[in-house]
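Each chain carries a letter (A, B, C and D) given by its place in the written order, and its residues are counted from 1.
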Amino acid sequence: MPGSTFGERFKMTTFGESHGEAIGVIIEGVTPGLELNEDDIQVQMDRRKPGQSSVTTPRKEYDKVRILSGVFEGRTTGTPLSVMLNNTDMRPSAYDDIKQMYRPGHADFSYDQKYGIRDYRGSGRASGRETAARVAAGAVARKLLERRGVSVMAYTTEVAGIRCEAFHPDAIERNPVRACDPEAAAKMIERIEQLAAEGDSCGGIVECRISGAATGLGEPVFDKLDADLAKAMLSIGAIKGIEFGTGFQAASMLGSEHNDQMDENGFITNHAGGVIGGISTGADIIFRVVVKPTSSISKPQRTVDTEGNEREITTIGRHDPCICPRVVPVIEAMACMVIEDHYKRQAALLY
Amino acid sequence: MPGSTFGERFKMTTFGESHGEAIGVIIEGVTPGLELNEDDIQVQMDRRKPGQSSVTTPRKEYDKVRILSGVFEGRTTGTPLSVMLNNTDMRPSAYDDIKQMYRPGHADFSYDQKYGIRDYRGSGRASGRETAARVAAGAVARKLLERRGVSVMAYTTEVAGIRCEAFHPDAIERNPVRACDPEAAAKMIERIEQLAAEGDSCGGIVECRISGAATGLGEPVFDKLDADLAKAMLSIGAIKGIEFGTGFQAASMLGSEHNDQMDENGFITNHAGGVIGGISTGADIIFRVVVKPTSSISKPQRTVDTEGNEREITTIGRHDPCICPRVVPVIEAMACMVIEDHYKRQAALLY
Amino acid sequence: MPGSTFGERFKMTTFGESHGEAIGVIIEGVTPGLELNEDDIQVQMDRRKPGQSSVTTPRKEYDKVRILSGVFEGRTTGTPLSVMLNNTDMRPSAYDDIKQMYRPGHADFSYDQKYGIRDYRGSGRASGRETAARVAAGAVARKLLERRGVSVMAYTTEVAGIRCEAFHPDAIERNPVRACDPEAAAKMIERIEQLAAEGDSCGGIVECRISGAATGLGEPVFDKLDADLAKAMLSIGAIKGIEFGTGFQAASMLGSEHNDQMDENGFITNHAGGVIGGISTGADIIFRVVVKPTSSISKPQRTVDTEGNEREITTIGRHDPCICPRVVPVIEAMACMVIEDHYKRQAALLY
Amino acid sequence: MPGSTFGERFKMTTFGESHGEAIGVIIEGVTPGLELNEDDIQVQMDRRKPGQSSVTTPRKEYDKVRILSGVFEGRTTGTPLSVMLNNTDMRPSAYDDIKQMYRPGHADFSYDQKYGIRDYRGSGRASGRETAARVAAGAVARKLLERRGVSVMAYTTEVAGIRCEAFHPDAIERNPVRACDPEAAAKMIERIEQLAAEGDSCGGIVECRISGAATGLGEPVFDKLDADLAKAMLSIGAIKGIEFGTGFQAASMLGSEHNDQMDENGFITNHAGGVIGGISTGADIIFRVVVKPTSSISKPQRTVDTEGNEREITTIGRHDPCICPRVVPVIEAMACMVIEDHYKRQAALLY
């Protein structure tokens, strides 16, 4: 399939460019009979939307969702559920400049190489705007998971080298970086505002924790649960790496340290991050992803134009100086998709 | 698809348990007319086989490949190419003990939870033996990539906390840990032998470098090239994380540092690891994976039996104290699969 | 995939219920750089739209297409092309009656059995209205096929037992039943009008001819070209059978009669219908489908209500007394999808 | 996927050429815990094997099945079940002649056009021998269906223009043409023997009846149950058409005749063949396929060689003068695959 479809039994297909008429998603495999309305989706869209605080872009997108099909009298019908969002804050003129030049860190060059044509307005299909459609689909998956007793929660643990030292789940949605440590959050915000003033940006790390998932999810050997989560996360443009459980730290651990031993209460430790042999163990599924610094900065940078001539570029625009807070709901959405899909695959196997 | 198939246009489906009669793979989508014989595959199998040195398991597997279909008069026919390997060194008696107990770090518990039944002989389907089939398929992909001028090379960069400080490609296949720095290799070997003597194991890091790949590979938005590589790598049992380019280091970098600027010779840096917006840029594709310490150790560990009673287990057997050297060809095989598949997908798009 | 996606490398995913807010389609894998505008699609939509003549339903649908993504400055970008059609002539009150009763020939009962919930307004997802989205996707495939020199043409050959005795391609779009024989067409129209007046309906046969397709299309063994065309056709609600070349007549033929012998000009006959071993031979690809009589009739019929009680039902509404003329563009659209998809698959194989 | 995989949640991937070393199949998605041994498969293989009677080829194939994986201690494990059959009666010398010439009715020409290379020994991948692997997979599906109370039965209803006039299920396996009417069977046998003596062959019709299948199977809109069955059947090389229920006869029926009305006992008629709107209704699923005359005949025919020169060809060999009796178990196998797969998909939807 040519790249815009994700999932097997719970599946989404997305469309839309940043500055096209609309973006949207078709969600297939939704269990019939689920109570669902636009507010259920909107609440997640609002967590992702720009303009939430000083650390996010002041740009406005029209993220008011419309359900076009698949819901009847307030319940899902089992047929394709489609959700659309119009694009409204379109100022293509602001992008005239990048028509001829490749912005460093952006997909301008690689899109031209792949397709030979590029919708240069606001990154087109490569824009982070595309992830809004994922959040809509994830909101539906989340509702199904809630019925199963599964919760999915992501949060920032590091920004620009500043790390969270504590874990306060209640604090996450109360600070604009969505960090799990309010003290670290304050420092992060200060640093982000400073970088924004300098026209620069910064990266960070987001952790995701899935609790309550059944044992037995994941399909050996290629569709392992962690393999599918890894693909889901790396499919988000800003994410450049993922690790499960102890992750890269395992490189300097011994087997006698890393193995999760068991007693009659279950696993004593969770170094594996809740997945062994590609199958969920019942322990919390835990992974971390690295978020690269936002590519759009207003400092001058070296680049070439579409003819190959050297140029200097200064991206003017309204951009997130740090993507972490807004990528949190996208990560959750993708995680929800993967988990719900694997519940359905497991049902098919056992039935 | 239920998990044993990988790829779309260049695609493999594998079967086989560690101690069953045979393992094998069906490879679909092989370009017709390619010269291919069993030796082309055997040479890669031999790189993966056990018993190569003091740092790998002395166990013998019968990794003599047989091509059963898809090749006629020395050339591929475009029909399914199937490769089979018989299992010979089967000593099921050695595994009687684990029939009733869950080995820490192994998939014993999760398989029982998923399937309600488990071929406990030598980890069954969850065994690393399964990766031999991948290497066979990867050998075919590699031959096609060679015609395209693409090379794929993986190597150990860290073992048990010991890091390579130099990069000597010629040294890689000449030391038994497949490290890119012969001095570090010597220390790694010493450490691994010591741990083996103690009945323990250790983890490490393997880096992979793909050179010569065309620009334009990868399918936005979900089947990004890095997303597919991430899935491929995490589908290998021992791998718990992946990072591209600067990877997790990007969390503490600024946009002005991380962005790969361009001049008339192309990209000046390669922090992105050769993939931007999910599409290859023409720069080397570089990623690192973390390999967990081998789960099988002979130190006593706490666990439970299939009835839930607490037990102590000591895994006796012949195991790799460090998986890094033998996972190198598996990583290369999976990378070859992904790259070749995306070449074919790109051909379909543009045609 | 849960049923609303068709194709592999040229692929569509559709959504929408008859009386929901909109229907639409996401088309993936469109070759970038193709000149395309809404009129290219509209012209095919207009061939399918209701209210074209006395032999089709007088109902109005709002079949004005909108392209929401995937086209930039008049050319396709290679990213998902989405097309939407709003539904306007929605009179749900007309369907109150069928909320509680299962209409004979309709999918009311089977949808309730499958999903436990049913959007009863105008057949919901099971409505023929869904095929409008297919026609939109097919229009894009057709444009790509035109560049390859492939033409796809369907036409009615039989209605209510009246058969075409001649083949005049120019006549097809000039008569409202889209029959290939204008004399037979006149009789068909008369018969259809008579049946409509009686509140009844009739079936027929449509033939499809694909000319100019390359040799070598189709993927043994399961994705044979004729197998994929058969699936495509049977996925249209009203179609209950398909035959290629001599079709069912082959049951009483001998091998010496049926085999297509060759001379230096190619195949002397075309009993196979242009596909042998599942692969196109270069001869015209020819198949016929049977179209069942429209299920909606205004004669009283026996049925049960959702409680299982016996009832009598008389479907009031504006329905096509014969589906043949309006299914012709749907058949063409599906055929275009299959052929274009297989061109792309063949490119992937050979590249 | 490149053509050798069928099914989604119950899925097979086949390999093998007629005169290669072996053929086989990997079956994924098998419910774990099913009692299964080689005899369960062998019994179906024996129904398909050649040399059963005067109306089938006297050729011997070595159809002794071996299960290589996926079964442990007599029960399926849920991991890929692989079945292999060695090829033994390989006489490649008998095929030297066809190396240079295209046999009419065979896929020789189309394979050369597609792949540019052809394993000409006994039709290679295009051989009917390939269907043996399908029968093996179907035998596993059948066992799962038996637990669900579903039975699948196919039988010859017409050969060389001779039609069955009665339906005696018990007679089917007792006559060598597998006809449902023993009197017609006698005439069919006589006619086939006569044609065989003349070096000719004949076609026929096979009907398939699936009883006991649940309501609700099939996935609108593209993966309709009848659409998937149609694809499954047309993927069998010799089959050139399919019709459900009243089939092509519906072309001359009225809506008031064709609609299946209901009373409190369910459907009064079954003109739809058990599928409405692509979803099973609970009535028997009934379809018929047309089987073309065997392509291999010993009468001289006109053809061209691989250089395009006109030639005369006389196929010498041991061929089935009528494929009907041996295609019956293949049809059943494919039908079992489709039904079992849709049971699993429905479980995924509702779960």
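We take it that a contact is a pair of C-beta atoms (placed from the backbone, for glycine too) under 8 Å apart; a residue touches a chain by one contact, two chains touch by 3 or more.
Every value quoted in this text rests on a predicted model; they were computed, and no experiment measured them.
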### Task
For the pairs C-D and B-D, output the one whose chains share more C-beta pairs in contact.
C-D
### Chain located farthest away, centre of chain A as origin (C-alpha)
D
### Interchain centroid distance [CA atoms averaged], chain B/chain D, Å
38
## Note on the structure
Cα centroid separation, chain C vs chain D, in Å, comes to 26
### Message
For chain B, give me the residues that contact two or more of the other chains.
### Response
1-5, 8-9, 14, 29, 32, 78-79, 114-115, 125, 220, 345, 348-349
### Query
Residues of chain A touching chain C in their complex?
1-5, 8-9, 11, 13-17, 20-24, 26, 28-29, 32-33, 66-70, 72, 75-82, 84, 114-119, 124-125
### In the complex, chain C residues that touch chain B
8-9, 29, 31-32, 78-79, 220, 343-345, 347-351
### Message
Using the touch definition from the top, list the residues of chain B that touch chain A in their complex.
### Response
1-6, 8, 14, 102, 104-107, 109-111, 113-115, 125-126, 130, 158-161, 195, 200-205, 215-224, 226-235, 237, 240-248, 250-264, 268, 272-273, 275-282, 290-297, 299, 301-304, 308-310, 345-346, 348-349
